[in-house]
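Letters A, B, C and D mark the chains in the order given here, with residues in each chain numbered from 1 onward.
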Amino acid sequence: MLRCVRKKQIAVIGYNKDRCTDIASKAAYEVGKEIARAGAVLVCGGLGGVMESACKGAKENGGTTVGIIPQEEFSFANQYCDIVVCTGIGYARDFIVASSADAIVAVGGGVGTLIELGVGYMTKKFIVVIAGSGGVADMYGGKFLDDRQCVPIRLAKDARMAIQIILAENK
Amino acid sequence: MLRCVRKKQIAVIGYNKDRCTDIASKAAYEVGKEIARAGAVLVCGGLGGVMESACKGAKENGGTTVGIIPQEEFSFANQYCDIVVCTGIGYARDFIVASSADAIVAVGGGVGTLIELGVGYMTKKFIVVIAGSGGVADMYGGKFLDDRQCVPIRLAKDARMAIQIILAENK
Amino acid sequence: MLRCVRKKQIAVIGYNKDRCTDIASKAAYEVGKEIARAGAVLVCGGLGGVMESACKGAKENGGTTVGIIPQEEFSFANQYCDIVVCTGIGYARDFIVASSADAIVAVGGGVGTLIELGVGYMTKKFIVVIAGSGGVADMYGGKFLDDRQCVPIRLAKDARMAIQIILAENK
Amino acid sequence: MLRCVRKKQIAVIGYNKDRCTDIASKAAYEVGKEIARAGAVLVCGGLGGVMESACKGAKENGGTTVGIIPQEEFSFANQYCDIVVCTGIGYARDFIVASSADAIVAVGGGVGTLIELGVGYMTKKFIVVIAGSGGVADMYGGKFLDDRQCVPIRLAKDARMAIQIILAENK
């Protein structure tokens, strides 16, 4: 009998195209590469910036990528998405990106990324940010988002470390 | 000819039933009362805690209340909601609460409230928190949620002040 | 003690602006008027066509109107909405319109209206269509949408009859 | 340079677990198998009945399967989903299933399936139903859902024919 074992799904969140820095873009590429090497599936918001760099990193290293986009049409997704989920629900799709993750890695990011961190925190996902990647990753890394302090926002010094601590936790 | 002028819609967000404190509950009641007195419509998540206290404050002072609930059935709404919007979309309804507001007042709150603050910040709503009400209101009051610093999270010493600065801004 | 009793919420669905006929527009106006006279709250998708005519009919007869729009910005709502719920989730807001109704009245309509009828049918709402109003109202009136046959799509000869049978059922 | 070419995504919709017949289950298995053989990705609602049978058919023939579930937790998905998208938005996820498809195949089904057909029709997807599979597939096959008549609901005598006409159209 065939019994399917779902692979780990790791979400990568962060800066969109408008505000992505070179540092964040390179870090995102590395995160995508490490997710691919770990045999996990990369989940993201499917657009530009950190999302696109991470997808590129995964695809160039044999990985599988899923883009969960706000729009209703496939054409908005970046070209490195193997599978595109066209939600049509606008930025409320941030909830779906975070809910569809076994673990979350943040690279830089603005308030949209903070919302995704919030959803991950609320649903008790394992969350890691790349130190030095800027934006909300650096603002909230090492902290708790509310005073319940139920899920730490962990800091990792680089992509390799981020994926390692996720794999160690999710065995 | 009849020309309708939509009243201001002010969202009240904060602690749910599980974690609401007496201080937050009283502050929320006052916020509801001030919204009613200002002739605005109170919008909220329609459940317990801060949402219920605010609705009660509005209803006991002649106001109108709208509860935008996560569930598909009316019965989950608190009894002080005049109008119930049954979204059925779970906690993604947080987006709708914030989007449906001309201004937002936060009273205490956990990460769900932070998500609503984030949506308000992203969509450039006027946001005020009640100082001393606890939770994310006190954690984020007076700060910016990301490094774009586009919308300040304003602090008000009490409900009256909160509604006054909203009305002054939204004339 | 003050105990709020939520008023009945009746959804009006049907042709949007592009395809609305004079017959449907007049029928929608009458439906809005009858909802107002019955003391119920009119819920709709908040845009043009049948939605706008129904809201106008309700407002010119002292009623209360709620527009649940696909967009994130208030400005898309028609001018006869007292309360605007900005969902930002696109046409998935059809689910919310139907879920937020104690009963549903259809006036003409295309496939979007059929989707709303489907959601009403699935959640076992009381559904009435105005006979002769065209579109899916006439295509599906008097029928069941699937072979479970759990909720009839009732036919009413006019707006007054539609609201009468709803009130008789929802006492 | 690596240029990713997204594979076709074909949605399979139909009876859920409660009402699935043996005939529909077998037809769904065959649809999944043909999608896999065509090198396309199977997209579905991720739960039981037709969704599970189709996923099983795809997995046992080397295909890739995506389950877009109403719930927020992975555990609700059937065991044959390679990738699970946890929407948390309840049955409004029907919109996402249809939007995320290049083409749609219906096998039996109740009103939920009709809603998905409606979304596919609204967004002008290529839609095929399996003749003789029961439910809304047989009720609406060969017809138009509204009087604009913009998208025919095509009938195919079996799974192989369904996928053939989809591939012929989507070259």
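Here is the rule we use: a residue touches a chain if its C-beta (ideal position, glycine included) is under 8 Å from a C-beta of that chain, and two chains touch if they have at least 3 such contacts.
Since we're looking at a predicted model, the values are computed, not measured.
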Joint neighbours of chain D and chain B, given as chain labels: A, C
Whole-Å gap between the CA centroids of chain C and chain D: 30
Per-residue multi-chain contacts in chain C, two or more chains: 72, 88-92, 95-96
Graph class of chain-chain contacts, one of line, ring, star, complete, other: complete
Chain C - residues contacting chain A, complex: 72, 88-92
Residues of chain C that touch chain D when the two form their complex: 19, 89-92, 95-96, 109-115, 118-119, 121-122, 134-136, 139, 145-148
Interfacial residue positions of chain A with respect to chain D in the complex: 2-4, 6-7, 9, 41, 59-60, 64, 66, 68, 72, 74, 77, 79-89, 92, 95-96, 99-100, 102, 123
